[in-house]
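As structure tokens, the structure follows; a few thoughts come after it.
We call the chains A, B, C and D, going by the order they appear; numbering starts again at 1 in every chain.
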Amino acid sequence: MEDITIRFLDDFSKDEVDSPILIEGLPGIGHVGKLVAEHIIHELGAKKVAEIHSIYFPPQVIIEENSVIRLANNEIYFYRDDILQALFLVGDFQSTSNEGHYLLADQYLKIAEEFGVNRIYTLGGFGVGHLVEEPRVLAAVNRVDLKEQAEEAGATFDNGEPTGGIIGAAGLLLGLSAYHDIEGICLMGETSGYLVDPKSATSLLKVLSNLIGISIDATTLAERGVEMERMVQKLIEGEQAMRDEELRYIG
Amino acid sequence: MEDITIRFLDDFSKDEVDSPILIEGLPGIGHVGKLVAEHIIHELGAKKVAEIHSIYFPPQVIIEENSVIRLANNEIYFYRDDILQALFLVGDFQSTSNEGHYLLADQYLKIAEEFGVNRIYTLGGFGVGHLVEEPRVLAAVNRVDLKEQAEEAGATFDNGEPTGGIIGAAGLLLGLSAYHDIEGICLMGETSGYLVDPKSATSLLKVLSNLIGISIDATTLAERGVEMERMVQKLIEGEQAMRDEELRYIG
Amino acid sequence: MEDITIRFLDDFSKDEVDSPILIEGLPGIGHVGKLVAEHIIHELGAKKVAEIHSIYFPPQVIIEENSVIRLANNEIYFYRDDILQALFLVGDFQSTSNEGHYLLADQYLKIAEEFGVNRIYTLGGFGVGHLVEEPRVLAAVNRVDLKEQAEEAGATFDNGEPTGGIIGAAGLLLGLSAYHDIEGICLMGETSGYLVDPKSATSLLKVLSNLIGISIDATTLAERGVEMERMVQKLIEGEQAMRDEELRYIG
Amino acid sequence: MEDITIRFLDDFSKDEVDSPILIEGLPGIGHVGKLVAEHIIHELGAKKVAEIHSIYFPPQVIIEENSVIRLANNEIYFYRDDILQALFLVGDFQSTSNEGHYLLADQYLKIAEEFGVNRIYTLGGFGVGHLVEEPRVLAAVNRVDLKEQAEEAGATFDNGEPTGGIIGAAGLLLGLSAYHDIEGICLMGETSGYLVDPKSATSLLKVLSNLIGISIDATTLAERGVEMERMVQKLIEGEQAMRDEELRYIG
């Protein structure tokens, strides 16, 4: 067993792919990046072309709804039409070890190079510790001349925020790709950091759509956002009710 | 020293083995899998054919009752009669590291392939956080067409439960074997998760017996279950007595 | 840099060594093993013959009293007279990782084999959680026929105690040596587990002296034991005094 | 991807370097070593000659003020004039794992050997747990004959302090260099251990300047020290005010 195994599916021909962009949306803060990448895959009908297994993922299988298991993995999807050609990197987990983060990112970049990727978008969340009414989309780049495009698309640059840097695949892919002459833009949706956040994902999707020049229907994502807000509202009301209840007991 | 060392015992001839099933019962939740596998080994008189040592096990020796030590290990047993031919994977520990889980599972599958195994049963517990009166046996499979057999044998499929997936050898063996054309069924006895649970093991044994087509006397396992229940009952009564005592002090 | 580096000192000729015993006394519970091994080295005037460095030790240097630093290490000493020929394995630390424990023990056994060692004594403490008036010396062996000798020398065998097994070098050296036809006896001095315990070490030294057939002056070790007891006594009295003081405040 | 990658910058010619000293100032207690090394680099205008990336660093990118990211790294700077020729080792992080500490230190020493370094200064803090009015500079050496120089330069040797040894790069570089015939002096500025400490760095800088025979303007470092003290003073006053406030509520 290799430490990292990449299996391309049999019905995939690498010849279909010619210098696509790469969009990474692995699990992370608020699952913002994951929500966006999986939403685009779903809306465009991108097809799965590879599965990635690794000893750096948790030693775990996922049970699908039909009770059939599958190894925890990361997956690559591909989409191509006249306007857009894109690879998507999504999956169940990121690495469980520091070293694994680097080694996985390095493999992902090898794939990117093999297909002639010259731009990577990495997507994530930017945790601010409180609910955000109108989530901004922060950006960071691996070359200064990319800032203008990102700003025009609606992203914000905020004096080196997040000051703690960017951890995991979204950061490393950008950092390492600079040494392979691949441009990289990281988009981070503002989010509380406590909940899966489709609202923040909707904001991020808008900026990314502008950048990649296609329009993606955000309806289902927005709906999940509204639903989530309703749920949060109920949680808050429930807590308030509990507190009132307690006051009644005391008073 | 290899990272994983497999020593086949001298009196074992690999030629005896021809496409057996493999039953895994390593330590885990409620030790349900371990209890079942070791019970079958004992009842059938399966013989030990290999010892597995690894730097991924705890750095520890076990002291046997005669004060002779032995390295912490996993072991393989073999049984063959006219009806059943089976390898058993049992042992003291699972891996102490995430990576080790994968590397050990990979080695176990290499052994399985060497002997022509085409079906694996992995056994475990499914922790529910409370005592269970009539423990169900949940199942998961690595190919959808295995569900019918498992259900007929008395296993339950419950909408992708456990939602947290299956961790460790029981999960990985199933997940990895799918890439080696080996069928896999995981059986998980419902259990509180707090105690070694022979009662859950008895339920699991019944389902497994149906699947492998032999009848195993469950008496000693059932007796240990009854004994364990008596012990739990005493613990509960003891706690109740303590609480009553406290009330007397207060009241 | 090798993961484990063994440097034999220039003034040491391997030809001096011919089938010695190996005595291991690395840091552990109550530092009992370390105290005994270093005491014997000191009393006999054994000389240092090798230094062992490893990435599995803490990334740390020790500052000697003259403010000169040295890498954390393990060391091998050698002693030979007409009655006894022995290698000693002592040092600052054991491995910081599970895997490192195995890999270090494996290297130690390679050295043992190189010198024709056919018996290993591993020394340690057996923590019982309370102060012990007359510490017993528990033993475990890697071959059942070694028990008689150990008992005659004053060691106790107690139904597979310690039930938790033996962790680290003292255990692994015994467990692994069984596969190299090397006899192994582990001696464990009973100790509270809270303090460095020269008293327990004195008991252990007596048993080991009987086993290796030489008499080692235990005076300095016994004195440190008496001193330690006095210190503990003061601690207890101090605590008692504090409690009395508190009662006075309350009362 | 190598586990450790060293990239020398294109405009750097190794021929410029001929037996320099090496000054290490990586992050550590009070960031004393880092402050000193980076201050000297800045004052002298030393130029960056290499970047070091490693899977042993945190899997993280740093966001610069212009929102351009860069991989977490260590860096080597070089300075040469008529009096001084020096390499500087500075950076964002030390290793995240014990093993990585050794492997990184080993690589740093390979670089040192390549350039003919025969003396290393490692800089750090010595945490004492309370604010220090006049921070001493403790020293440790890897050869006893280096003590006199260090003392003459103003360093203090204090009976094997710090008794806990020296952890990380500052310790390992000294310990490992002894095996490469490289002299090593570790200077540790006394510091509380709770705060970045430019005052302690100023003391250390003075001793180091004496040792390397050049005068470095300490003004900006001293100013940061004064500023930090003012900040600490405010924190203390704020806390005092809060306590007074509380007393008012109670009283």
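Note that in this section contacts are C-beta pairs under 8 Å (C-beta built on N, C-alpha and C of every residue); 3 or more make two chains touch, one makes a residue touch a chain.
A quick note: this is a predicted structure, and the numbers were derived from the prediction, not measured.
Note on connectivity: the fewest chain-to-chain touch steps from subunit A to subunit C number 2. Here subunit B and subunit C face each other with different sets of residues for the most part; under half of the interface numbers are shared between them. Centre-to-centre, using mean CA coordinates, subunit B is 53 Å away from subunit D. Rounded to a whole number, the gap between the C-alpha centres of subunit A and subunit B is 37 angstrom. For subunit C, residues touching at least two other chains: there are none. Residues of subunit D touching subunit A in their complex: 1, 3, 54-72, 96-97.
Of all residues in subunit D, those touching subunit C in their complex are 95, 98-99, 101-103, 105-106, 139-144, 147, 157-163, 165-168, 171-172, 174-176, 178-179, 184, 186.
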